[in-house]
């Protein structure tokens, strides 16, 4: 059995919808369980009990939501001290207004989260451009859901991006399963 | 009169010492005032009332302390919406254990903070290698105070790094003065 | 007199058009001269003779064109050793297909270039969101010209982005003038 | 049989020594072949014929050696267009003088290379802090060999870092084997 933890923060529900889409897609896989939690509710046991983590955030001023960062500082740092998560798998996703048409800081947002997971010794699964839905909602680091158009009309994330995020979750779960058995840092 | 705001978060006092060193050096300049505040106490008026901001953080899992991020999400994002800080000046510094000998994630920590300040339209002052003290405490983005050696003996940040941070504050104040009068985004 | 150096690499002419737009806008300023050069033609004297540098690249696999990198390794590294460019000013711009709708790696492309200029002790001018044209062609780090739409129809960079890049060049020239007189690292 | 490709650029032989240490350690594994090549000699077939890639560079002005970038622009971009490398595995290492004690730009150097490999759909293996040798030669993104001390005495990379790089290569080969069979992006 492979266990996946989906973590998110959300202001207006867009990132939450993406988290739900990933959770639903992962839940439909054989031999796989999935738990979805808000960042402020995640415990050390949630991390140690999972084989892979998918984490999503709104883009706030070019970095992750502070509630994600608080979880990292207060929960993940202890797990790093104890070398508890080495060899598990991680993937990322985000939502944002997209003002400017160049991602609005989503790339550094992903990397600020990934730095934590690299320190935790976790293996990173990117988003290849061939995955259906990438065209309007992808960056190589993970799915990016635009919640608004360039005039800042807030239509919310598209069905296409939700489906893309579901596929991203499935890839992550497959990688978690393959790497769980491999124990590469033994 | 040029006004500088020094912002910091600190766990064991190392980043605070660096903030104090910068504050003292700036206070000694002619025609310059300086205010030093913890991130959780900073208000929108503190930002709008200053010509330059120097901000320091401990490195936590490869990014800034969550209290800095909370300030960014709750105070800076509103200032961004209103285009309030364009053309002001920013500089950064950090402290960390330094385990591994390659900065321990300080570079992305600086960039996670700088992404916020770039969005705010603020002009960035780096740390040139010729500045005295760089040799043991510098990265091109700003001063880095090591609070421990590689065996994790916690001796605290050195006098050399505190002096370097003071010089960095002085450069920032000079840039703030020059750019205040220029109004480059007019 | 303030001297600006505009550097670029270009494959299909889009980045070159942006470089030309910036050059034209800077040339129209009083008391300002501007030189525009391909990366492979830039010499150490071009850098030392200028007060500010504006540099543009196509986004290639999430980083700058290799010809820009060759110039950095072979020309800039020597200037770094000799501390020759401290206190000058830098700005960046880029073009790219924009596939995925999240910048396609332009953010790290900008930062890969900026790391060089931070090491050179140069002061960085960002692109505030209030500047006209940002809406469809901006990132906080600089203008981003999309050469194609999401179906990869190559229409080339828009007039709006060219105008935005011109304004960015003007801001840079103003900052170069203000900081030239300030000598902040003295 | 698992096939690993080790790619490097080197100026004074330090990065080459690290590449050789990784190659030797991988060659000693059962059911594994390894090829080591300079960046300028790598072909598209070298990439498509391998299950994992380990790549190393000197840190030059905060980013990869231009010969690595040339390979990315001229060889990898075509493989990206054709979606040829999705699901393969990648790891990174670097060498540098280490002036300043904070990595000297190695973190963004790693990320500039990783952006290319994320675009190629490759899965990333980090360096956990528990691996022996990390203490004096590690960053979460990969091994970092210091070729000089802070007074710029060039002693070359240490045996400890070479051993660490060998272990990093072994982890990569294990991950490549596990993921080759998993076909996670199918």
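General remarks:
Letters are used for the chains, namely A, B, C and D, taken in the order the chains are written, and counting of residues starts over at 1 for each.
Assume contacts are C-beta pairs under 8 Å (C-beta built on N, C-alpha and C of every residue); 3 or more make two chains touch, one makes a residue touch a chain.
Predicted model, so just to flag it, every value in this text is computed and none were measured.
With centres computed as the average of Cα coordinates, no chain lies farther from chain A than C. For the pair chain C and chain D, the distance between C-alpha centroids works out to 30 Å. Between the CA-based centres of chain B and chain C the separation comes to 25 Å, rounded to the whole angstrom.
Mean C-alpha positions place chain B and chain D at a centre distance of 33 Å.
Counting only residues that touch two or more partner chains, chain A has 62, 80, 105, 108, 111, 115, 118-120, 129, 140. Chain-to-chain contact here is organised exhaustively, every possible pair of chains being in touch. By the touch criterion given at the top, residues 60-66, 69-70, 72-74, 76-77, 80, 105, 108-109, 111-112, 115-116, 118-120 of chain C touch chain D in their complex. On the chain A side of its complex with chain C, the touching residues are 62, 98-108, 111, 129, 134-140, 144, 146, 150-151. Within the complex formed with chain C, the residues of chain B that make contact are 80, 83, 86-87, 111, 115, 117-131, 140-141, 171, 174-175, 177-179, 181-185.
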